[in-house]
Every structure is written in structure tokens, then in C-alpha cells.
């Protein structure tokens, strides 16, 4: 039986293997993704990001437990950076999620960012589809708040939680990382520490200046993930946000925009794939040489390449 | 002097180096501290004898904590022992005492260390493997049967459940008619180093510290001869720390305990004399000696100046030493006897109050009787044959040792500043600071061995192919069954209503802010088991999950 | 364009002992050799380890144990891996395991044991040449 069918039948190993194939860009993975696509679109996808040391894994773990208590099945994808020097990665998010590891209603997957950020967001998006088709009601995608990668992932998520902690310097970390705009909910974690109130106040001020009238005003929830404080409120905030998305019609808009982007991205890749397969190596070498000699600029060379392709070179 | 040295360097030395270069470009200690070719009076110029060294038994105790040191009384030869049932360990204790050991030291098995009874699911497969299993007062009574606990001191390596094991020891003695005031010994009771290094924590830092301060307070009030904590660098070192990290992190932990007790409202001079320390003695001979000497000096200064302690007894640091378990090799295990001897010698030259020497077979399994005896004999040879005990602090004044002692102190103080900046010991633990520093050092050390930059005899050089022929310890295969039978008997024969009442009393105390010690003693006396008492705390305090540091 | 297939390794500590120095040193060495290493932390039951191995679809499981409880724990782990059809996964162990236990440990499906003094280079080499090669 193929992986997609086994996954739809609830086989955890098939789900796990399909994610591996996605990560490896393996042959045949497209066919599997094609089969599961009709079964996606059911889950509430939640991105969770924030600076290192903010307690994201603990928060994700506590949130997953809360969601389980509300009868939801949960998928977790924890993304950590690949070492640029060795290509390896140390993935330790599960340490904080131990008590979930034998709950059959939870599926956790650690992913390394591997190559480029664009690659990361696509592999993650596909892994999310796998867990969606597998039947997870809520999918939590945890990433280190570092900028563009998070913005890409946030686009694919319905709701994004940005985790802040008090006392990490004067500035709100999300501003520094350029991810203030992606937050639908802020979790001010470790809220038992000094400075939590101040962080909340600064966030509120920041949001009042930056939020368009009539748009969703991000909720701020104080949490202490290690002792489960504020976790129910955080889950409530997510539900509230999802309701807002549905009622306001924004969900529909987001999905449409996101789907269009996916289509365009996929089309680009399709096209480049075809281009690559059809092109003669000789044309490529000639054009490269012209650029090296500075007779042709990159854009003109590319136009020439496409022209040759269209004419069936 | 400096000009003379320059003359020597440019003349004789230079010529010699041209003829034959040195074996390495840089010489470093085991911890990676650079060591110069030669130390001279220049290296200790300006050093004030009275403020930096002083006399034995006097501030700052660099030369030792006692005015006569080993001329008066040798260190306590205290062999860490324990395996299987209380009966088996009791027999091992008696064997070691017969062969001249002068203090006891108990190793507990993993379920005991985690506060589980031997029949709880998490205890699966662990019974008696790393030490003796103690599930209730009944086991403790067997463990010390026939041993004069009023004449000998006992050290117990136990942390999260320390208060309960201590209570069992106290009640077992009192049932034999020995009052608690006459009991001498130590509970390790050092939770910070568990979070930092050994990872045998149970409760979060806050309640863990509260239990420790409960024991310190109780000890100060009722047990004048007992060391209520043994602030330990041993495990920090075993986890891969350098000598400087071991020293700095341990002493900083010590400062945190003192502060916590002061915050409870205790007077520093009432409890400080009962604080004790526990260090590792690793391979690098002089580095270890410098570490011990610096440790005493730093502690004295901090106790006097930071905490304003008035009593000299509060300033002096007494410590136990264990030779480095992590330095033992499974390859050619007989060589471990030599390593242990050198490490033990360093501990003695460093002025230790008590010493455990590892057995040669410990990289393979628990020590056999004979291996443990050779380890004990190693101490006796140092004490009675080597002559190093005849004078006090014989290496003082060595240009090298003094310079290294100073350097070690400075490096430790640099760490103090870093930890201060992070907000103290617990915030630094939560930020993973200690853990990362240690993991980095362990990684570096292993890399040096793998790359052949560091020689470990028999491991990455001078290897042999011969199979090891060390006879290993055989435990009683019926031990677990016997232990469980006793545990079941205890549960049947005790007054279960009384046990429930006392556990309820303990729960109330734990939820409030009363000192829990009297309630623990009450519960223990009614034969509440270790697992039952710990469950009360687990319910009230919750369990800690570590900050992942990779 | 296809990326080189990565070896995924689960490093886990079964049993109660907290000595994680070896586990972490090995985890770093495997990462430095280009592998993706999932470290699941202390006090892992065989059930937790096997479920994690499934979800993470690892090629290799590395077990580190120093408490002496290896026989019952490895035995249970062996049963579970067979039940769950994880036969392709390479399982190795590190820690203190006496020679006399080796035949039994091998029988339980542990392919290699790296005792005290093992070099990380040897461990990396063993994993590189024995990790299964059958996916993606």
C-alpha cells in the first residue's frame, strides 16, 4: 500500500516517512502529496515563534496538553537551524515535550532548517499538510524568531503566536527581529519574572500605534509555561482569533492569497524544472560566457534563454 | 632577578632550544590553562604572606583549616560504598571498617535517589545497581545494624530526598537509644549542582531550596555535629567541567545557599560552620592542589567580607575529596590504581579533611571487595609511608603552586562576575549557562583525546589487545526479592491510619511555610515509605524539567 | 535539485541516571559529522524512545545508560522495536555494560556497544557505515 493511503488510514509510521521524503525532496513525493491534498484544509494551523530562551518548547508542550484536554488532536513541528558549517543539526525541543511522547493524540516532529529559508518554508508547509491529512485538529509550528523564515511560515499559518519574555533588554524582541507584524497573539512568557507588566504595556503601546483601525487587534496573554499559568487563556485567544478570521471573512481572503502564492511558487518551480530539462547545455555555456565577458547583462541573458526555450531551441 | 632571567633565556636556554626544541609548543594543564616553562620569584612578587597565605587554622586558611593538620589527625578515610540490599551493604561497611576505614559513606541506588520505592514502575531494572536500595526505615535499620553510629561519622550521597533519608538515619539511631545530638556525618543535599551537572533533581529550584534551608535550620537547632550540606564540585567536574569551572560553580552555589539561609532569617554564624564541601581530584597534580588552596582562600574571604560572618569557624572551608571517576579507564584497568594514587596525593597535598579513593574496576562495574581494599590501602600508604603528612602544606612557597593558586582564584572570580550578571545561580541555571559551559568543556576534552592531542595511557596510546581480567562484583540474585518482601511486610505491619495522618500533616506543612523536618521525622517513624513521602512533595511542589542545553 | 540524504539519529537516555556527558558529547560529534540529531532528554522509558523513533523516522537510535539497568530496559526496547516494525533502525548503545552482558545485549537487537574510552571518531564511522540506506 502506498504511503498516502496508509497515512490516511492513521498509520503513524507512514506520516513520519512521508515527512522524511519531503525533507529529502525524494522522487515520488509529489504523487503522495497529490493524494493527500483533498484531505487537507481541516486543521487550525498555528505558528509559534520568539527569541531563543523564551521558553517556546515548554509553551508548546503546555498548550498541546491544554488542547488535548479540550478533546483536540495535536501535531507539533519544531524547526531548528541546521549548522551552516557541518550541515548537521542538534534538535532538542522534545526534551520539553516528554510527557506528550506517548500520547497517541499527539504527533511531534523535529525538523532542521537545512538549506535556504525558502526551502524551509516549503518543506514545513508540506509537513503541515501531512499532519493535516493525518487528522491533527491543531498543528503547532515552532520556529526560532529570526526574521524572514518566520514571516514565510506565518503566511501559511492561520494564527501566529509571538513569544516574548520580560527583561531581555529594553526593546521588544519582536521589533528587533522584525516580526511584530505577524503576531495575532502575544504570549508574554515567564510572566512571574520582574518586568512582565512593563513588557505588556510596551506591547500595547506598540500595537496601538501599528494596528489599522478595524483590523484584528492582537491579544496579549501572560503565561508561565513551566507551571501551566495562562495556558488556558492562550488556547482561548487562539479560538477567538480563529472565530474572528471566519466571521470577518479574513480566513477566506488569507486562504485565497496563500493558495494563489502556492500556485505561483509551484508554477515557477514547474517552469524552471521544464526549462532545465529542455535547455541545451551548449546554449547555457554560451550565455554564461557572454556574461563573463560582460557582453550581456544577466537580465538580457535570461530573456534570451527563455526565448530559446519557447522556440524549442 | 628579571634581568638575570633574561640573560638565561637569551643565553643557555636559547642555545638549548636551538639544539633540541621542546616536545610541544604550548604546555597546558588538564583544564587547558597554559603552564610556563619556569616560575621564579617574579611570579609571586608582591604577594603578602599574612593576607594571602597566613598560618594553618587562621584566615584565610590557604595553608589548611587546622593548626596541626595531619600531624594531629589524619584525614578521614571514607570509602563510598553501597549496592544491592541493606544486608549486603552493611557487610561491605563492616569489611571496610575492619580494614582500617575511618568513616562511612553511603551510595544509594537510582530509585532511592529519585525518591521511588523499589516497587514503583520507574524503578524497573534499577534495584541496587548504583548503590543500596532504601525504601523505608526498616531498610535503614538493617543498613547500620551493629555499626557504632555514635562513634563514627556517616556521609550520605543523597540530594532531592536528602531530608527523608536523614530523618531515617536519625530515627534508626534514636530507636537504638542514641540521641540525635550525638550523631555526626553529612548529607550531600546539594540540589544546585544537580540542576547544573548530575541531573538527579526532582522538584523545581524554589521548593528544592526551601527543603534544603529546612534541613540547615533544623541541623543548626538540633544536630550540632551534623553537616547539613556538602556543596559539591565533584559531579560538576565529572560532567566535564574544568578545574576552574568546578571551583567557581561550586563556591558560587555555596554563596547561594548561605544567602538562602540568611533570607530565612538565620544568623550566618549559627549555620555556616556546618557547611561542608566536596571536590574532585583529577589528573593534573599541581592544578588540583592550587584549586584546593584557592578554594579555602576564596571561601574565607567571601564569608568574612560578603556575609559579614564573625566567627572564624564560619570562614573555614572543610571539604571531602573523591578521586576522579571520569579519569578511570576501562582499558588496562590496573593502571587506575596509579591514577588514583596520584590524585589522592594531590588531595592530601591540598589539605583535604576526608578522602575517597576509587577502585580500579569502577569504569567497568561496582567495585569488588578486593579492588575497594587496594583503593583504601592507597590512602594508607600515602598516610603512613610517603612522609607527605609530616609537615603542613609542603608546597606553599613554590613559585609555580602559588602562581597557579592566584591564577585559579582570579579565574574563579571572573566566573562569579558573569554569574552575578545573569542574576545569580538559579537564573543562570534556567538560562543554561553552567550547562553550556560544562558541555563545551566536555566536548573540547573529548576532541583532544580523539585527535591525539591529549594522551590517555591505554586508551589512545600504549594500547594492548589483552582482555581485561578484573574479577567483578557479584550481587545476591535474590536481593531484589528479599528487599520487596521487607517492603511489603512494612506496609502490612505498620499502622496505616497513623501513616495517612502523618503524611497529611506533612502535606499541610509543605503547603505552608513551616519547617518540614519534624513532620518528615514523624512520618518516617511511622514507617511511611520513601516513595510515599516523596509523593507528598511531588504533589505539592511539582516536578522540574530541565532547560535543554546541547 | 535533490539534497543529499541526511542520517537522522535519536540519542536517548533510558534508565534513571542523570549522567548525560557522554550522550551530549556523542550528539555533538554526530552533528559535526553532518547528521540530524534528536536528543530527547533524561529518564526515557522504552515506550517513549520507540514512539519518538517512529515520529522522527530516525535511521539510528543511540542509547546511553550508566545506571546498570541496561538488561531489562534493552530487552523491553527490543520487544517494542520488533512489534512496531522498526527492524531497519540501527540501534547502538554507550555506557557501562560489562562484557558478560554483551551476548544478551546483542540478542536484544543492539548492534554495537561503545564503552568507556571509545573515541567519537569510531562512533561516527560506525554509524556512517551501518546506518540503513533505504529511504528517499
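First chain written, first letter: the chains are A, B and C, and each begins at residue 1.
Operating definition for what follows: a residue touches a chain if its C-beta (ideal position, glycine included) is under 8 Å from a C-beta of that chain, and two chains touch if they have at least 3 such contacts.
As the structure is a computational prediction, the values presented were derived from the model and not from experiment.
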- Message: Which label fits the chain touch graph of this model best, line, ring, star, complete or other?
- Response: complete
- Comparing A-C with A-B, the busier interface by C-beta pairs is A-C
- Item | Centre-of-Cα separation between chain C and chain B, whole angstrom | 31
- Task: Please compute the C-alpha centroid of chain A, do the same for chain B, then give the distance between them in whole Å.
- Result: 47
- Once you find the CA centre of chain A and the CA centre of chain C, what distance in Å lies between them? 30
- On chain C, where are the residues touching two or more other chains? 27-28, 39, 41, 43
- Query: Using the touch rule from the top of the page, what residues of chain A touch 2 or more other chains?
  - Reply: 90, 92, 95, 98
- Query: So which stretches of chain B touch two or more other chains?
  - Reply: 546, 548, 550
- In the complex, the residues of chain C that touch chain A are 1-3, 5-6, 8, 27-28, 30-41, 43-45, 47-48, 51-52, 54-57, 84-85, 135-136
- Item | chain A residues touching chain C - in the complex, by the definition given at the top | 12-13, 16-17, 19-21, 23-26, 82-83, 86-92, 94-95, 98, 101-102, 107-110, 112, 114-115
- Message: Quick check on the complex: what are the chain B residues that touch chain A?
- Response: 204, 431-432, 542, 545-546, 548-550
- Which of the residues in chain C end up touching chain B in this complex? 15-21, 24-25, 27-29, 39, 41-43, 67-73, 96, 98-100, 115-117, 119-121
- Item | Of chain B, residues touching chain C in the complex | 110-111, 113-114, 122-126, 129-130, 194, 198-201, 238-240, 326, 328-331, 363-366, 439, 442-443, 446-447, 449-450, 456, 459-460, 467-468, 472, 546, 548, 550
